[in-house]
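Before anything else, here's the structure in question.
Think of it as A, B, C and D in the order they're written, each chain with its own count starting at 1.
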Amino acid sequence: MTTETANAPDAAAYTGSELLAVMSARLLADGQTVFAGVGIPLLAAILAQRTRAPGLTILFEGGVIGPFVEPGKLPPSTNEQRCARRANMLVSITDVLLMLQRGYVDVGFMGGAQIDRYGNLNSSFIGDAERPKIRLPGTGGGNDIASLAEMIVAMKHEKRRFVEKVDFITSPGFLDGGTSRRDAGLPAGGMFRVVTDLGILGFDAETRAMTVLALHPGVSAETIKAKTGFPLPVPADVPVTMPPTDHELGILRELDPERLYTA
Amino acid sequence: MDSTGERRGGVTPYLELRAATRDRDRSLRDKVMSLEEAAKLVSDGEHVSLGGCTASRTPFAMIWALIRRGVKDLAVSRSIISTEGDLLFASGASRHIMTSWFSQGIVWGVSKVMRAHTESGRARFEEWSHMAMGLRYKAGAMGVPFMPMRSMLGSGVLDRAEGARTMECPFTGETLLLVPALNPDVALIHVQRCDAYGNAQLDGLTFMDVDMAMAAKRVILTTERIVSNEQIRRAPDQTKIGFFTVDAVVEVPFGSAPHECYGIYEPFYGHMDLYAAMTAKDPDAGAKAYLERFYHEPKNWAAYLERIGMAELLDARRRGSSIYDD
Amino acid sequence: MTTETANAPDAAAYTGSELLAVMSARLLADGQTVFAGVGIPLLAAILAQRTRAPGLTILFEGGVIGPFVEPGKLPPSTNEQRCARRANMLVSITDVLLMLQRGYVDVGFMGGAQIDRYGNLNSSFIGDAERPKIRLPGTGGGNDIASLAEMIVAMKHEKRRFVEKVDFITSPGFLDGGTSRRDAGLPAGGMFRVVTDLGILGFDAETRAMTVLALHPGVSAETIKAKTGFPLPVPADVPVTMPPTDHELGILRELDPERLYTA
Amino acid sequence: MDSTGERRGGVTPYLELRAATRDRDRSLRDKVMSLEEAAKLVSDGEHVSLGGCTASRTPFAMIWALIRRGVKDLAVSRSIISTEGDLLFASGASRHIMTSWFSQGIVWGVSKVMRAHTESGRARFEEWSHMAMGLRYKAGAMGVPFMPMRSMLGSGVLDRAEGARTMECPFTGETLLLVPALNPDVALIHVQRCDAYGNAQLDGLTFMDVDMAMAAKRVILTTERIVSNEQIRRAPDQTKIGFFTVDAVVEVPFGSAPHECYGIYEPFYGHMDLYAAMTAKDPDAGAKAYLERFYHEPKNWAAYLERIGMAELLDARRRGSSIYDD
């Protein structure tokens, strides 16, 4: 992976990925159950567990409930034994995904390749589905998580990623906005927050369109608008997030000393 | 799947499914054979499902034997498919893979070989949600034509999923998705241990393997070791795959290398980096060279492991057993 | 349980229950998978396993696949650990019943309280369902087994048990005969044999009505007809079964020394 | 179940089910309490499901505590119900039991107490096929309103099963039965061991308990012993019921006496014979006397076991552990 730190307010202090991990970790509350994807979500969930949310229960798609991932031994996916270390329970993949359907998960947490103003995510195709310009790896559990849980998405903020309309809806956000998600048969869950290296985004309660809730230190309203492929409202009094602390960064670097996910 | 199957979303009619089961020898009998003998149980064009997930308990030894045998046009399904998907495409063993996610792993980026085959239209990557894959196997395992579920609705994945249907629930009026049963012709599953009859005891993560074995019309087990039936009977609640579903048992130590086998070895990361490097620039030529060097040249599985290297094997073994160190 | 040996041709040599167990054991073939209820079916299945069908796989409703039941330690139902001893596999109840649905069972084998000419079984009510004269224990797995497997039923041959029409169909035989079972949505399985202390009964391939296939030694066509509550065809050249051997009886008595099920 | 529920075959609408789950404290926290405290978590009129089957892992200690507390009008469900069904009827704790089979056990003949209550119309025994019970809990566990299945069709059991519906399969045209999800208000489950958070590891036969715990809106675990969370984490693949489903953990040695707990004790046959004898002639008076002597007079669970008798307990214990002697 290449190092992309251009967006970070203080490139010397932390990488964009570290910023993402810290900011999304802060959205997790003690006592919650979070279904985390590999990469930033996994790191952020563990960071939350080691700081403000010691009673956070982490689920991994491989069928893992409440593990302790060992620092420096990050798994290549959520399906290897490194994910399962000292877990409370291991179940089948189908059963852990059914926990989402049964309503046992408070927050779904994953990365994104492409997102639109209604929070729909694409990780399947760039270009046409029949003859794609780029075939991406696909949904994995993403569609199930986004269909059945309140979602936090962590991703790099780039214009080519924040698009007016995704080429393909791999994981549903609010579809066409308004009540369209519920109308499609998805009465539960939905996009809660999108965390980027520029700010924290939410969704309007009525229109379900993306809005800015906070900007990271040093990021201007113009910057975030310029890096977004659709009109993005930024309130005049938009708050500024607290930068990552040394404590948070220290934990992240202990977890991922080889910078597999935080380069 | 045949064309008749496609019209029903791939669902095998019940009496046909029962007839296939009835006609199998499901008795408690010795099924031990070699990798090469077991490979003969798979025919061109069949639907083969793969146990494990991503880099875990991938039935690599069996895939290796099938590719060496030159099997063709398999429809392949797996919960999440990794490098073995690349190699099935690159070797011509399959041009159709059904899965929820297809790449070597997030650390290595998007698979170049998968991209080369799918973007050129040479092969098909049929995408279902992960839970849909699981419930399709589960329906197959239960002997019903579908499972109801609540995801995939509203998405592009549903638009492109052949055979899934929405339904208004007769009890609640809610919108549900019905996903069609999958009954693979053959399931290839790698396990930590089983007896000569095929009673398999899995440690740690079971993925979709238990449902897959029940769903499949035949099962080929590869196993790290064959244990006595007496040992199995001392802890029957640990048996996850029953002998009655199994048609072949092959003892293959390190049978999922370079992927992991829970509690025994972790992934062979060095070798996985090597594969990624070999296929990064020219995926077609790289995969061809990889297949030649690791699939066709070694004369047996031990020789394959030798090419991967003893140091890697020992390291993977050490890391694998560490899960029990706490 | 009271001892009922009146129907047995040689009351001194074996009980009616022993005769049932021996005769039904002989219907099981090596290599088959049999789903056995507690009582006579369990005894008969083990007897078969120890004589002509060593490779018989026995399933119990409690979730047991291929156990060895220890002589003298018969379980009170199919849901206690005595059923599970040295099994090949234990699964949930639902999963073992689903094996029937998936088609993994060759023969279902159970007892019966009341049966009619089409092999429908009643173990729910005597009299009216709303205000029964006798409330019986109900279906258990009986309905599932009879719906999904080829059936062997072992029961005492009495007129009050072999009735024109059962008060209630707990476990389906051929319903109203002909194709009615298939038409109701039960295309697989169906009654194969009814074993009684008088003979072996089968079902006509077209009408699906009960017929006599064999009589036990000393039983006349008149006797079996008189003890049946509907017209029962007995072929002129009906074969006579071989009486239980000392070997068979010896095994049964070793299995059930306290005569829990063979009194 | 309330009248709204009955109209939908008892199915809880999805958003209502999710809200009930969301509002629970599902975090990893100590839930250890006494039998009496746990009994307060069950209210009159609720739907209570019982783990175990027939004479195995019956949650007798919890039932004992509920009957002593004088709980009323429970709707009770279990895969197969035994003596505890008699006692729930006789004590007035329930007048409605949903199950596939109801009697003490084949050896003791048809239950006289069940007969007395159902034949007189004082109580209802709602009969479903055994698989239907299992699939109703499974649907509840999966968060879907129904499961499709292939038995019960054509039978009287179907005619009398409220809420089951036939359907023409949209994939195959076959006739299927849809059985409605069961989401009990409370599941009472007795296990061999669990930690203070409710992570339970079951040995041997699991019956319908795993699905039942996921299906229920609350779970009360009684356990032979409470082990450390560290012990659980050393073998997470043995955890069958997850802490997140559990609301109370009560340590009760011999908590399913006089029934068995796999690997620890077998049924107390002498006591079961005594119960059968006491209720044989006059079921009402016999059950009343039994409840008085074994449920109301003893001042705690140890005193209850004392009444059953030490010799019986030791014998049941010896027979129970013998499964591991081979």
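The rule we apply is simple: a residue touches a chain if its C-beta (ideal position, glycine included) is under 8 Å from a C-beta of that chain, and two chains touch if they have at least 3 such contacts.
The chain lineup, named per UniProt: A, C = 3-oxoadipate--succinyl-CoA transferase subunit B; B, D = CoA transferase subunit A.
Given the structure is predicted, the values throughout are model-derived calculations rather than measurements.
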item	value
Pair exhibiting more inter-chain C-beta contacts, A-B or B-C	A-B
Cα-centroid distance, subunit A relative to subunit B, in whole angstrom	29
Length of the line joining the C-alpha centres of subunit B and subunit C, rounded to whole Å	41
Centre-to-centre distance between subunit D and subunit B (centres being mean Cα positions), rounded to whole Å	38
Rounded Å distance between subunit A and subunit C, as computed from the means of their C-alpha atoms	59
Junction residues of subunit B, two or more chains touched	14, 143-144, 149-150, 174, 176, 204-206, 233-234, 237, 326
For subunit A, residues contacting two or more additional chains	64, 84, 86, 90-91, 98, 101, 187-188
Arrangement of touching chains [line / ring / star / complete / other]	other
Every chain pair in contact, whichever chains are involved	A-B, A-D, B-C, B-D, C-D
Touch list for subunit A against partner subunit B, complex	1, 38-39, 61-64, 76-82, 84-86, 90-94, 97-98, 100-101, 122, 124, 129, 131-144, 147-148, 168-172, 175, 180-181, 184-188, 260
Residues on subunit B engaged by subunit A in the complex (per definition of touch)	52-56, 79-80, 99-103, 105-107, 109-111, 114-115, 118-119, 121, 125, 127-132, 134-135, 137-138, 149-157, 160, 166, 174-177, 204-211, 260, 262-263, 266-267, 269, 272, 320, 323, 326
Subunit B-facing residues of subunit D, complex	8-9, 11, 13-14, 143-150, 163, 165, 167, 169-172, 174, 176, 178, 180-181, 203-206, 233-234, 237, 326
Contact set on subunit B toward subunit C in their complex	14-15, 17-18, 21-22, 25-29, 141-144, 197, 199, 214, 229, 232-234, 236-237, 239, 242-245
Of all residues in subunit C, those that touch subunit B in their complex	30-33, 55, 57, 64-68, 84, 86-91, 98, 101-104, 106, 187-188
